[in-house]
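Look at the two complexes coming up: chain A is in both, with chain B in one and chain C in the other.
And then the complex of A and B:
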């Protein structure tokens, strides 16, 4: 979803004085622990020693172990840092297992020796869930990249967890299929990571969630047990559907090593249209009508506000004309895509739908892509929004879901709130505030660019956005997961009995708490492994805002 | 600017430029069961005609395409971009059409329609011939300004800047004339919804080579189509001696 950018104002958070050399200053991302001072390294975890490293070298081979005493060294710092350059840990060890047996040996050993681990796929997550907070050992899945088999009749693909999404898409496309999820990070993200975060993406409105498309998983549990359930059966109601637990659990219950996934037919005909509208109500009308008129062929319905155009135009595509020219920009834009098997059929449906939007004054204008190049440009105006924002200054991003009619109200209320405080404007604290997202899924991305790297600005905005979301019964994380970025806000979207059961499951499956600790559940809620006694406080059932 | 201009823009339906082209198993052609769209240089030609029309509103733009029934899709795109009329010269078998045949068909159309200007794309991205515009100029005995990167039209003159090997060359020509477009001439617009709706009502007339009394028998025969030789992987060497050995004995360049 976001390409690698280094927006951090270099002057501010250098943590290594060694960084200066020949006049070039290498700024470092701020350490995660400085953002969450209440997080303390769990003292029950052992610290890495030579005996441990020797063991890993023996099991994996010299070439599959990267060890550096200095976590800021070039060899290891980028495994410690997340894609957004927001979070950084201090691990000294990265392991590269090549098969499930190796993953099993690693976890068994770590469990016995109480060494904390963090599984890492493509490291493209936006919640800081795939990087260490302290010295957790990074288990990098990139060597496990085999495509085990693809069934041409059913479209079911069985692959290693470290397969890059785009590679998987290319492989199944040879047989006329496609992966059911699509996101900007597809050139780097791993399918195992997508599954561990239950990634959503652009085609969710058509193909649904990974909970539906994943048929089976091969998972290594914290104690080294291999749960092999790589079923290729569409239907199998035999006992509890355990794989659902691991989908979206962000590496806190085990490591996904193999995936069996159902891939839909690759569409023969794709059409894309960009329309301009004057209100969010009109967006909703257009969406409702799209479901009725385009029904089975609708595959994406994205929207963004007019400020987003400025962002992309100024920062990402200077000099390129926006495809929809008008005297002044419309308030909102929507991008809708159809995918089907017959071009003429789909075009007729789409054109008749668009014509009706124009006639009823729901859409004021629009364009339809005529070739692949235009399709790519139209998508670029949507996909480049997040990266464009990071070029104004440190950017804060939210991924919230709620009832569709409320989606844009959050942006308007946020804007009103901070405008009253005089904090929004080109020379103010929040340089830009925009809203965009997947209308069909009720998923809004609200983003703010700030004029300086000040954690307090993030906290103020966090508080407003999450409190508002909770008040309107929304989710504080529609698709990005909790990771470390939203720990403490989990109770805003889930009630105590639910959280209690989550904690019990975690304690049962990972009694020593080695799997990606400090993520999802805030330190206050860390589970004690001793005697399976749960230590959780502050769940009083009332919503509390962070201090 | 009292006289109204008539511009003919020939457009060709080709495999979309972003598609990965593959040779068919019989090695006689490429796999054409893929996405097609208007030849990018023809899009630029249509765009240029539409811009001229925006400056001189009485201009009439006629899009023409020679090919199978599917060529009508491409004509609809041209109409949606702003062309006023379309002519489809239907040919049963696309593969029989070659630049000379197309040029003869266009000559017949030009003699019927009497345009002031014919703007073509410099070449089609499927055959890369770069011949049709030049042949047409020869057949009609009209002046030609090819590889245009800038076009200025007045009542009777065309001033065209051409991209040539040494740089840029600006020539001035009387009308009627042939212009072929190069990449930097303009950025084609998207087909807007109102124009797509209007396009449905614009006239699209059909014709055939027989009606135009043109013989399009191909003069060239394609014998074989094959992929370029696969790129050999690079090799890593451990030492300078190893490198010298390989350069001498394998690559045979020493």
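And then the complex of A and C:
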């Protein structure tokens, strides 16, 4: 039966309409400021004038400057709007630098003239961090797309920040290597954007954090200084590891223009297995055993709950039987991937692992994919969950992390809380509520479909989910960053002394605050430390830091 | 023949006398300031008086304060002197805090009273970073040795910074995990010291950098603020990843008091193989193939040159036959380790890998260890190389990194340079010069034994090795840090804008400069940025930054 699953391209991310309707009114995404009316443009920033445009045209050339006084014009609205159509700004200017020197000239000029900027990579982020809020100048990195160097012995690649992740993967694959991150958006996202977001992705459990894999960065600071730290060394203990500050800082400290990254050996064999289980307890047991039995080859360990099955079979693949069919769905499912250097060894390990799960009654059933097509189908199935949810109504999604034993408790507690209020069910406020995620990383995606486009429904869920997460020492953003979408919730995961030091470093490195303003730091607490006038009282006034 | 190799404990680090004689004069290590006469005590710092001592006794208790006005007294000289007897300061005071609150009280007081401090872990560092230069107060972390929490599902351990690495490894091993770093000094070094140094170690090629494995830190800042960022989350993208700043900052920004670290699954099987090769070209070929064929299980790839064989067989194990015997030694040797979850799979992979090396004439010969005793013997053999060198005369050692293809060229060029000057050979200035290291990490240890205790011999070698390394975009400190031993050479590996930003951050976080002064930053360039009066013209005036 498993072979009957249809193959669906993993490229759906680029062409589907996940959540794209939520913020759209009259054919245009609503302006971000209509959602966050407390956000005011920082009056210290200059507005664009013809003299500025002339400068940029002189430095970059006519073809590298897109300028239109109407930010809704076709030439420019695309860059003002995030991929999910949730956030939109009103910039009139997009710059396309071709090299690091041009980025340096742009920033130096903007800093001297107090012009705010927002760096933009592939614009596939999900927290609205890569689009302007007001009239920030968009610095689009797509023309900086050169592969500078690949070392065949070490697998270290040095590239421009605007290289698309998939192109980088293809380039290193010619030498037997692979990029250590893999995302649904790999055909569009830039490696520089991945680094600025500190993207996680599907194989994090195996290849780990960009903090470990990135060896060096070339960064242009707000004053135009080029921080040339593009080391190709695996080990270098000469002073502070400054590149780390820019990994995950979402373009608020400088613009990453060059990247040196260690790429691991490309796997010779990939195996995938799907198992059905009765409880989240069993998921944890299966995970612990996978680490013991498959430690050297385990490359992904995903899970989802029963309702996810319904979502995909009702909305995405009606009539197609789920690969692991039984009279009724199991309570939980896990998708395990192995990547190794010898297929027969990996298969033997995976099979005896699965046998032991069934013998010990941890798993109820399981299948192993037989070929690349089945493998891709199973992954595609997993990736259809979010899209399926959006077909019930405007969908709200979370990206939280916590200690693994707590992961699913959040879903159960959320469900119980809103059921008690009579708000969950068909025709109710929250039509559907599901949980899925990356067990190995302690990363949960909880997702709700609502019956109407109502910001208050999001706010109620935000409050419950983030308060619960903070109470259990979790993170309100595991891998997507803060951007604009979670600016009010940053203090839920970071205490005052930590926020203090972040603000100090921001003020030190970007004293005029031109780098991606209104992101990460746009809350009262941090802004006051920066001496900014912006306030977000509605987001922070009634909420206490975890201090 | 291989089984004839005697077993030698890996614990020799703790009891042997590697290089311990080099700085010793009249029974005491020479004071650091006699080696660096340009270093002057910073006159902004207060000197200790009775009022200070009373305060510390009141806060910590009588038994946690060791005070002796004579810094050469038996009570205190041990803490003033580094493990290698190369550096010695003149502190009169050692404090032993028991918890984070006490560390906070100490630093707050020291900051207010402008008293300089030096944090000290297990004092096993090799760059002199953990001992005072003048009268800095020594803050000894050995009483902060609690295992706070171990999560059995995730393998995440939260511990005090003063826990000895081997004790941490033992604690997590009870749950099937292992620490991701392994060092000769594991029986003495503290995990907090490992983090402050960003220690690398033997299995870096498999488990990677502490920047990837450390999940959170609790750090006391110079003003006494406790930066509680002891996350147990694998993924957390809420603002800047501040902990990264403290990894490798050698105690110059604050004191690490607590550590959250991800520990990998303990391997069920370990295999070790020794091969003989004709050229460094072949070493590289063997390494690339090991990554392809053993990628999922390769845990170490060490190499050494022919002369290392002589060193160990002449000075350490006379009469014992080297495991890979042939009429004459091969030009190079490589030691490969695998760690995996199933012994028979690992052995099959390793054997077919070795066969392919022999078939393709890449390796000339090879053995695989048959049991744990042989494995330990081979590792012990590798670890005897540095000790053997010290038996020829005062030894000088380097810890540089560069692109892998260049590694051994440095050894050859160094040898050629000093041979041309007639300075290498028995009875000459440099009695012996060898190269060995971690191929997978691009990390070379070049080592010379000299015929007399003469600082000029070190300086000549320093200049040649570091200039060559800088010219080839390498690092003058791959894993040992800058400490005091390389303060003049920091600009060889970092350009001015990078040093500028380091200095800015140092000034921001430690504005009074009390944290481990005279380390990392004690060179003219950075000190002037800090507004300090210290100068090291002799080290920096004649040397240009790579800018």
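Simple rule for what comes next: the second predicted complex is superposed on the first by the 498 of 547 C-alpha atoms of A that agree within 3 Å, B and C clash if a C-alpha of one lies under 4 Å from a C-alpha of the other, contacts with A are read in each partner's own complex, and residues count from 1 in each chain.
Assume contacts are C-beta pairs under 8 Å (C-beta built on N, C-alpha and C of every residue); 3 or more make two chains touch, one makes a residue touch a chain.
Just so it is clear, the model here is predicted, and its values are computed rather than measured.
**Q** Per the contact definition in the header, classify A:110: touching chain B only (first), chain C only (second), both, or neither.
**A** Neither partner.
**Q** Kindly classify A:368 by the partners it touches after superposition: chain B alone (first), chain C alone (second), both, or neither?
**A** first
**Q** If you stack the two complexes on chain A, which partner ends up touching A:295: first (chain B), second (chain C), both, or neither?
**A** second
**Q** Does the superposition put A:354 against chain B (first), chain C (second), both, or neither?
**A** In the superposition, A:354 contacts chain B only.
**Q** Quick one: name whichever of chain B and chain C touches more residues of chain A.
**A** Greater contact footprint in residues on chain A: C.
**Q** With both complexes overlaid on chain A, does A:155 touch chain B (first), chain C (second), both or neither?
**A** Touch partner of A:155: chain C, not chain B.
**Q** Based on the superposed arrangement, let me know which partner A:256 touches: chain B (first), chain C (second), both, or neither?
**A** Once the two structures are laid over each other on A, A:256 reaches no partner at all.
**Q** Spell out the residues on chain B that touch chain A in their complex, using ranges where they run on.
**A** 16-19, 35, 37-38, 40, 43, 77, 80, 187, 190-194, 196-197
**Q** Considering only the defined contacts, which chain C positions touch chain A in the complex?
**A** Those residues of chain C that touch chain A are 151-155, 176, 197-198, 200, 204, 208-209, 211-213, 221, 225-229, 231-242, 244-245, 247-249, 253, 264-265, 267-268, 284, 287-288, 291-297, 339-342, 345, 348-349, 401-405, 440-443, 473-482, 486, 490, 493-495, 497-502, 504-505, 508-509, 520.
**Q** So in the complex, the part of chain A that touches chain B is made up of which residues?
**A** Within the complex, chain A touches chain B at residues 273-275, 321, 323-324, 351, 354-355, 358, 363, 365-374, 376.
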